[in-house]
Amino acid sequence: MHPVLKLVAAAVPALALGVAAAAAEPVKVAYLTPKTGSMAFIGAMYDPTIDFVVKPFNAAGGWNGNPVEVSVYDDQGTTQGAADRFKQAVADGARIFIGAGTSPLAAQNLADIKRWNQRNPDDPAILLIVGAEGVNFTGADCSYYSFRFTTTPYIRQNALAKVMKETGALGQKVYSLQPDYTMGRDMEAATVANAKTYGYEVVGTARHDVFKIKDFSSFVEKARAVAPETIFTAGGGSDLQLILQAASSAGLPAKFAGMFLDEPGNLAAAGPAALGNYTAQIFNAQAGGEKGEAYRAAFNAATGRDPVAFMSNSLITLTMLTHAMKQVPAAPKLPIKALITAMETSKTPWPLGDLSMRADDHQLQLPLVVSVVSKDAARKLDGTDMGFKPVKLLSAEETSMPVNPECKMVRN
Amino acid sequence: MDTIVVALLNGLIYGLLLFMISSGLTLIFGMMGILNFAHASFYMLGAYLAFAATRIFGFWGGIVFGTLGVALIGLLCERTLLRHVRRHGHVQELLLTFGLSFAFEELVKVFFGPYAVSYPVPESLRFAAFSIGAVQYPFFRVLIGATAIAMFAAIFCLLRFTRIGLVVRAAVLNPDMVRALGYNVSAIFSGMFAVGAGLAGLAGAMGGAYYTTNPNMATELGVIVFVVVVVGGLGSLSGALIASLVIGVLVNAVVYVDTTFGDLLAKVGIVSAETARTLLNVPIANTAGVLPFLLMLLVLMIRPQGIAGDERV
Amino acid sequence: MSRIVLVLLGLVAAAALVALPAFGGLATLNLANKIMIAAVFALGFNLLWGQAGLPSFGHAAYYGVGTFATIYMMDAIDRGGAFPTPLLPLVGAGAGFLFGLVAGWFATVRSGVYFAMITVAIAELVSALAQKWEGLFGGEAGIRSIRTNWGPLDFQSTGSVYYLTLVWTLIVLLALYGLQRSPFGLVVRGIRERELRIRFLGYDAHRVKTVVFALSAAVSGLAGGLLAISDESASMVLFGGAGSAFVVLNTVIGGAGVFLGPVIGAALTTSFAYFGSSLSHFWPFYLGVVFVVTVLFAPEGIGGAILARWRRVRDGAGPLIGLGDLAGLAGAVLAMAGLVLLIELTGTICSEAYRAEIASLKGVWPPVRIFAISFAPLTPWPWLVGLVALIGGSRLALGAGRPILPRLFAGRPGPRADQTRPGESA
């Protein structure tokens, strides 16, 4: 065949396919997360979660016959990168954005969404925040067009203190060791504020520079001097690993209560030092009984690992998004405002209990599991002989905190 | 009293670890004039190689493998890359190592993924060496300190009292003359670079086990090793040792300080008590991470040759 | 003849730049904006490095300060302030200048490695301050504002930001070119070459270096201001090490000794990051390799190589592209392709997702897809192909002992760092 003819022959079916695809216009979702740079370990968590939720949803017909198409954009862990990827994704046709990075990255995403909606009121976009725990997202910066699918340091500290008080693990003397940035300062404030409620005394506070301290032994010794029974920390990543290591090798008798202990790699890096410490988890299969175990097994079969840390938040985000889409009637283009309403009003089933999105501040209402690192856990993680043994499952009502008075949401 | 002793000991041992990492850097600079930006990467590679080898050779085998492996990588870098830019001057060498540090960090992620890996100190080495009051002092910390001291003694004696040391020192001062005497100067330089890299590899193999092994460990350590060699005096081994110990003790001690910058300045009378409570209400204990940089700035301003560097700056 | 060609080329480039918003979409325009911002930043950095010979490894500090200052001014305008929006980058430049004056006075007391270390220390301190001082830097949330229209000028669209950025980029280019050719520029280069002589001529070298530092910081701050206008936000993340590292990367790859070198480098790496990030998650590794290869074989950067080639053609010393060059280029491309294949293969089979797939297939290693081609990782072929391409390509590029690649880049035998001087170039 003549080369040109060959080209035409190849193009005709491709064109036909294009026409067929136009009939079922995909709903484009942009997943913004760091895949490279020093934050790459955050973005790596989300890889397995997307297909796990979206594939079955599309197989069942998607949104009225239109498949959901999730594209991952690498923001490189910088705010400049986040701004660039937002513009790239919006040009690609995405109007639903999933911001799965740190608080500064989510703040950039939110700024971009707000500006876009201000300039394009007829073509709005929404932001689903997966992993940013800054108070501002449901406080001063709360928005009709953004939703937070995780907790705040206040919610986690409250859950931890509540359960540890009940089981007698908390003790009378509590210490606060925090990374010296917004989230750490919030966790410290929460620890101080809850002292009366849960009947403990804050015997000391300390903050450390983020990702700058290699040797935490002096922080450990400083804490030891006031003999705390429980130490709250909002530290994550290598900071948390190093703190646990230092405490364990120096034989500090206190236990830690943290937010991010179940991030992949933490148990592996901390080793036996992690044992006996508490964390507030988004998901724990053992706590969810049969339903939880079935969910975990299905996820593991598809991806080769158990859902932990912010993977669970991503699963929740995608599940709630697709669940809300089911309630939006067919239209030429997915109506964003109808989607927001569906998100605010629907209850989404989840192995640990129903999930809902509070309309007043768009803060997710979710059950939390307070767990302790133990060798008796049903599932071992990170190739170690340790896992997270649930202490108590708190329902969404029990974890809920009042609406932040700083949130003045303009509903349009 | 116990607290002070433990704090001092913690500071000294952290300082000795810093020395372990930075001795190679200062050695390479002193001998070859190369400010090796990839040095912290060698530390990271040491930890990862040791981690990979531990499964096959056991913990000690892993430490040896990590050290020798990084020495070999250093040798290859010197012979295939650095050597070729030497004629363009030291800045070009510095740029090359800067690029290498960038590539190494990503290469580690290609092989070992983005998460921290499980490379712990083996159970058999997790015991207390001695106790001070209520504190059981961990054996592995003592081991790190002892290794660093042995390392310092070995390098010092090698350079000072052996024939090899004599030739090396001569090659630095007058390479042409040493070449004329029949020594292979380029092999000497390659060897020096390999030894310097290997020292970082050893530090990584031990530090990675005691602390953590993750792809960010080079970046997180990054600049502090430069602080050590600059404060100590570029190229001076004993200077690096003193600087390491000073910085180690300082960042550990500052955590215990229970006052704010504002209060300190108010006491001296620079600012009012009102400003001290509001604007400058920064606890000094929170600044452990940035203190080394302040120290470096101070040293560079007042005594740029560092504690023990030569006066020709 | 060559002058006519240059003028024509210039006209075509100008027309293309002016017409871009008519053809480019939002993403393309944003890419163009970010290239120009990176270029201005790199030009500012290179004023210090290329002209004064002072290597700064902490330039993100001045860039970030410029961004924050501009955001504050944008906020003031939004609340009814009278400052004209098009002049906003001057706020960033002013902030950068003032900060640079103070930092530069300290830093330029020393030179060489010691100077570099002072800049690093200052950048680290500013970065720590930005994390701790939430009131000013907005903590993790950062601060944000919005572009306000000025008179008849509308600044809401990305296209309008593009024109604003373009105009400022041209202003910076002209100003820096003028500065370089001025007597002051000559003194600055004199200090780089032999500071002592300049002092004997009666100049206060420290004062001159302080001013150059401040000017460099001002241009960096201006780039930060342009970023503020484009992204409408500022965050403490800007002060991180990545910013300081990338500006060095841009300048070296483009060529510090050529006036337009930093612009070329900024265009290349920004586009690379833009397109590469959606193709492979190992793109920073490839960028690192490109950087190392540039330092090895083209110490004057890509800009330097182009300039040398241009001179060779002008002097009639050789053709624009010879047979050896083509072979060298082909070799380089082949070697890079081989490297990419090997790295992508390794990265994929070492990844968690792939191990999960093996587990779900009960021990069978599924094929690895790289850029739409499937490879069987357990057979030796893909590895052999990669290795052969890498080694064969490098040998071809290096001409097996008779290096073609260095000649290709340098245009003449034995390139030396000190042969092309910015003063003579461009």
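Order as written gives the chain letters A, B and C; numbering starts at 1 within each chain.
Heads up, the rule we're going with is that a residue touches a chain if its C-beta (ideal position, glycine included) is under 8 Å from a C-beta of that chain, and two chains touch if they have at least 3 such contacts.
Since the model is a prediction, treat every value here as computed from it, not as a measurement.
Ranking all chains by how far their C-alpha centres lie from the centre of subunit B, first place goes to A. Each chain gets a centre from its C-alpha atoms; the one nearest the centre of all protein C-alpha atoms is C.
Between subunit B and subunit C, the centres computed from C-alpha atoms are 30 Å apart.
In whole angstrom, the spacing between the mean C-alpha positions of subunit A and subunit C is 34.
Taking the mean of the C-alpha atoms as each chain's centre, subunit A and subunit B sit 36 Å apart. Residue positions 128, 132, 284, 352 of subunit C each touch two or more of the other chains. The multi-chain contact residues of subunit B, meaning those touching 2 or more other chains, are 106, 109, 113, 219, 286-287, 289-290. Shown for subunit A are the residues that touch two or more other chains, namely 36, 40, 44, 180, 209-210, 212. For subunit A in complex with subunit C, the residues that touch the partner chain are 35-37, 40, 44, 47-48, 73-74, 76-81, 83-84, 87-88, 90-92, 102-105, 107-108, 111-112, 114-115, 118-119, 134, 136, 141, 180-183, 185, 209-210, 212, 301-305.
If you check the complex, the residues on subunit C that touch subunit A are 25-27, 30-31, 34, 128, 131-132, 134, 139-142, 144, 146, 156-158, 227, 230-233, 235-238, 240, 242-243, 273-274, 277-278, 281, 283-284, 352-353, 355-357, 359-360. Residues 3, 6-7, 10-11, 14, 17, 106, 109, 113-121, 123, 126, 128, 134-138, 140-141, 210-217, 219-221, 224, 248, 251-253, 255-256, 283, 285-290 of subunit B are the ones touching subunit A in the complex.
Those residues of subunit A lying in contact with subunit B across their complex are 36, 38, 40-41, 43-44, 180, 206-215, 217-219, 221-222, 224-225, 237-238, 241-242, 245, 249-251, 264-272, 382-384.
Of all residues in subunit C, those touching subunit B in their complex are 55, 106, 109-110, 113-114, 117-118, 120-122, 124-125, 128, 132, 241, 245, 248-249, 252, 282, 284-285, 287-289, 291-292, 295-296, 299, 343, 346-347, 350-352, 416-417.
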